[in-house]
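Before anything else, here is the set of structures, which you'll find just below.
Paired with chain B in one complex and with chain C in the other, chain A is shared by the two complexes that follow.
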Partner chain A sequence: MTSPDSTLPASPLGPNAGRSTTHFFLSNEFGLILLIVIFAMIFGATAQGFLSKFNLFTLGRNSAVNIMIGLSMMTVIVTGGLNLAVGAMGVSVAMTCGWLIEGVGVPWPLAILGALAFGAALGWINGAMVVKTGLHSFIITLATMSIFFGAMIFLTRAESFRELPSAFSTFGRMKFGGYLSPLLLVTLVVALLLAWLYRRTLTGREMLAAGASPAAAELSGIRVDRIITLCHMLSGVLAGLAALMLVARNGAAIPSMAGQLGQDWLLPAFLGPVLGGTLLQGGKVSVLGTVLGAFLVTMLSSGLLMLQVGAFWVQTFLGLMLLVAVLLDKARRSYLARRNLA
Partner chain B sequence: MTQISRLSRTDWFGPLLATIIAIVVIRAFSANFLSSFNIQILLLAIAVNALVAYSQMIIIAIGQMNLSVGAIGGLAAISFVGMIEVWGIPAPLAVILALAIGVGCGVINGVLIRITGISAFVITLATLSIFKGINLGITEAQPFYGVPDSVKAFGSALVFGPIPWLVVPTVLVAVGLWFMLSRMPVGRFILAVGSNEHAAGLSGISVGATVIIAHGISGLLAAIAGVLVVARLQIGQPSIGDDWLILSFAAPVIGGAILAGGHVSVSATFLGVVIVAIITQALVLFNIDPFLVQVVLGALILAAVGLNKLRARAPIGQGT
Partner chain C sequence: MKTYIHAITMAGLFGTAAATSALAADDSRFGLIPGGPHPYFSAWEQAGADAARDYGLSASEYKVPQKWELSQQNQLLESLLSQGYNGFLIFPGDPVGAVSTAEEISGYGAPIIAGAGCYKDPSPAAFCLGTDTGNSAYLGAKELIKAMGDGQKRIAHFTGFLVDPNTQLRIDAVNRAAEEEGATVVQVIADIDAPEPAEEKINAYLAANAGDVDGIITTAWVPAVVAANALRKMGDSGIKMVGIDHDEVVLQAIKDGVVDGTMLQNPYGQGYVGTFALDKLRSGCTVKDDAPFGSNALTDKFIDSGTAYVDASSADTYLDAMRAETDRLLADFEEKYLNCN
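Presenting the complex of A and B:
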């Protein structure tokens, strides 16, 4: 449907302006906001205590962790790769932090920094191997997931660090205004930094370029190898942050907090970015989408639990949601392509 | 010399050599290793793990991946015992229904991948969660105990010497798969789609049907593995299949499978399973921490893909 204006060459701004607003209403982010509002209203009306201060607090705290896990995966998806080892790396970082505090006696701020540096080192191992061997990151991180987790379990004898300084659990329990968890603020700050990285900095643009077309990026003088390694290191740090937030929530560093091999993190890790419209082929990223996607997922699981659907069925719903989300996204894309909007 | 260089390029030669060396070395350090009891334990592990590996291998053959292998196996396993316990269905019928559920799950994967054109990774990640969720929803994480005596007897019976009956289905599947992949049109179609989907489509192969069949077979094999685990454990655990993911990729990759598709080997994958089983067993025999098994598995995958990469780069020999 061409509007009569578009035939007039004198007003090139008209159709463009119209296009960008339509574009926003057709965007993933808008769809996610709509879904979040709709489900919040449904749960608020049907589930007892869904909008209570306490539930909003736990919801914020849980989504802080899930969003961080999603961001950790997102930084690698940007390059067109995957990081199956997010969970294993996260737990390794948390256990390193616990060991630095309890085993070595390092003060906790230093221990956190040291543990995050360890996360970056694990990411560097992944990145360097992907780059050196030229193999797909799927198989490399599948192997390192097994190695990292096995080494962590072996070294810790599968025992938790429970004597952590009270700063951790205080931070985890802290509330602003009765319902806002500082963990959520940490996550939002990280998300803002990432958005700034991808939009405004050279390194961020190079990451996107390396993901969109490695060969073209290489020819334009980008050192693709270094950029990919950097993305994996960033992923390691973010996975470590997510795990440390879990430590703050639990008050202990527990080896099983991400399940066997860290597999329990895989679904949330992919749900956020995929719902948020980050392309699995790489080269396109939406930090806001990832945040909204991960928040929607957390809200849905919390709401379903409160509706007493049965804790055991929640996983099925999350899987179905991932399926519906990718299908909707597919439909949206082909609609946009037909209308020549994208 | 040409004989050796030709041998060294087959998929099974390297793994076979590694298997023999591992057996000889471990036997030298531990006299118990080749005791009949130990061989029986090894064979039991191999019987199930080989099916898990084949279930993934058939999907690697079409150049995709199936993260839901363990979830399908677990769902088939608990529905097998569940149907017997709750509905009182006779065991043979329950086996057939459980395998049908496995095929159904696989076909769902295949159809979704085909219709939507979305990567197999995302689809099978979603179905992994769905199948596992159904498993937990049905069982509420409690095991089914009602495994009938006939199934228990099958799980512990020996054909002769140290060879358990559980090995028989695996051997039949391996022979069947080998025959299918090397002699039957559908097997050749699967490999053709894996090496070049576009070219396969242009040559008149129905790519969609081939993909769906491969996923159906994958589901079937995962379900057989799940039922065999029930027979071995004599209990319907909801956690069956949780730890299959790494193993399912390790064995085919050790066996020289190319993850991009089009090239897999039934015999070499089997040897991959044997190597993993032997090494796991050796860690136990030498009182090495069982936690290290995960590290060794990961390292094996890395070593195998590294070697495959080198082998692919080596000049194509003169012998052929």
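Presenting the complex of A and C:
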């Protein structure tokens, strides 16, 4: 996918090879892989049915959505911003897709494209307002979260779109080899494209530079305003993709699919990127880390549920995970700084 | 290192695979699953335990999704199926969105009954066992209007979440009853079946408009509790109220004369009869083609689990009323709805 730190590409065969290896073992990605392996073994040995084909299938399918939500947040965090409206935008895209199919009669492939374009448009609104007002995206997206969701509820009268083509639910329930969901493949393809964007394209580099130091980026000729708007548009598209995967999962576009105001997406949206090592202050991104972080969270939820840990403790545990991840990351960065490895 | 990690992973994964049998169960093990945490459903826990004991089942357990979110409910159902649960009484997190998961579950041979709320047809649910919410709200409104007596009849209606399909049915039913009796619904406040919004909106509304309201009807649990507390604090306001469900706050307010009555639902009966029916379905019974189902906006396979009006004269014996409804339902349930030959 991408290196642990997309701002500092490593050279494994060069003189820094040993240092890179140390770097990797101290990275979030390695820690996450280790945790995933350890928890998979614990749950496999103790939770009845954890390794059943059906559970592996549902684990992959739920991960697909959570990873996509995390990637959506990641694309804004990279600029040092936040997108609290990620859930509201996602639901709005899903409802738009439902309306285009049921209300307008647009063929479903075109409806998907139209809905994703609408997601980009919502992202553009967020980005443009952040740029024009100079306010932090926290404030702007907090406001647009209510605006987007409220408008969606008003326009749809909170009615679901339920007569969608069977292709949606067929895709959502499809299994490869009895346990692999195609939704997970879609997410992994998107993750690869994002990794390519940040590592191999000028636009991706400009996004990282704009996040690391907007003033320096501006001085070096990068149009930071345009880049920030672009990141929000990308976030809107990815939030829409996550919502459309839920539409495939449920066979319907439902206004409550992300909870009241879309707030139910906020925890998974933050957990993936933060666990994965994406810096909240921007300038550094880890697509692989986000994928692993979101997968770990989904696996923990699944495993804890199967161990019959009280359902309410699962949420507590996930909150603790977020806190521990932030503290560990702080400790890791301190260690690297002390050893001159950063 | 990579090889070592790979070896450990594979050993962990495959070494335990043989010991797990996700979808095979020797006995009836049912899950009673609400849409999320809500006091209405707490009676399902005792009902499931009682029915499991009475009918000799392995288990009939009440499991609550951590939030009112369809994806949380779906994940809980998926995990229970993987653990070997083989029958489910479910309050659908969404009447349509929940159908997909229900189809997956029933594809593994686990019977499903919708409880307290219905799936939209077509669905794999054998039937829907719930309160006729529209009728309950209609009867409650009629009782309120009767309690208001002569004079002006201005009603405020406090109700549940707009995303709950029952909410619109309740709003329509109260409006219909008011129209029939020459009353006016002056305010509908929805989306408040949770403590914070209910406290904020009901108290603010009554603080500003108590003089313009003659009666209050609540058609969701939390607004009933909050409105009862508000009326108690206001003292002799002259406002009549009919609530819903059997929260202790509401029942005490009825006994104290603060609230006129409440429309009782029968969640215990849903849990008990639902478990009984799941066991029958799992034992080979089928649903009769000519079963006398009712219908509502979502399904043509609806069974009314019962509703009753409780006032000061019956507030001490409301449990008897619930049991009577359950007994009535159970008495000829098999004969009316199932083929068990």
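The rule we apply is simple: the second predicted complex is superposed on the first by the 327 of 342 C-alpha atoms of A that agree within 3 Å, B and C clash if a C-alpha of one lies under 4 Å from a C-alpha of the other, contacts with A are read in each partner's own complex, and residues count from 1 in each chain.
Please note the rule applied: a contact is a pair of C-beta atoms (placed from the backbone, for glycine too) under 8 Å apart; a residue touches a chain by one contact, two chains touch by 3 or more.
Given the structure is predicted, the values throughout are model-derived calculations rather than measurements.
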With both structures lined up on chain A, is it a clash or a fit for chain B and chain C?
clash
Touching A:129 in the superposition: chain B (first), chain C (second), both, neither?
first
Thinking of the overlay built on chain A, is A:118 touched by chain B (first), by chain C (second), by both, or by neither?
neither
In the superposed arrangement, which partner chain does A:270 touch: chain B (first), chain C (second), both, or neither?
first
Have a look at where A:257 lands relative to chain B and chain C in the superposition and call it first, second, both or neither.
second
With both complexes overlaid on chain A, does A:139 touch chain B (first), chain C (second), both or neither?
first
On the A-aligned overlay, A:315 touches which partner chain: chain B = first, chain C = second, or both, or neither?
both
Would you check which partner chain A:172 touches, where first means chain B only, second means chain C only, and both and neither mean what they say?
second
Looking at the overlay, what does A:295 touch: chain B (first), chain C (second), both, or neither?
neither
Name the contact category of A:158: first (chain B only), second (chain C only), both, or neither.
both
If the two structures are placed on top of each other, which part of chain C overlaps chain B: 99-107, 207-215, 315-323 or 333-341?
207-215
Common interface residues of chain A - those touching chain B in one complex and chain C in the other
153, 158, 312, 314-315
Contact residues on chain C for chain A in the complex?
5, 8-9, 12-13, 15-17, 20-23, 37, 63-71, 74-76, 78-79, 81-84, 94-101, 103-104, 108, 120, 162-163
Considering the complex alone, what residue numbers of chain A touch chain B?
82, 129, 133-136, 138-140, 142-151, 153-154, 157-158, 260-261, 263, 266-267, 270, 274, 280, 310, 312-320, 322-323, 326-327, 330
Touch list for chain A against partner chain C, complex
33-34, 37, 40-41, 44-45, 47-55, 58, 62, 65, 153, 158, 160, 162, 169, 172-173, 246, 249-252, 254-257, 259, 264, 301-302, 305-306, 311-312, 314-315
Seen from chain B, its contact residues with chain A in the complex are 65, 112, 116-119, 121-123, 125-134, 136-137, 139-141, 242-243, 245-246, 249, 253, 259, 289, 291-299, 301-302, 305-306, 309
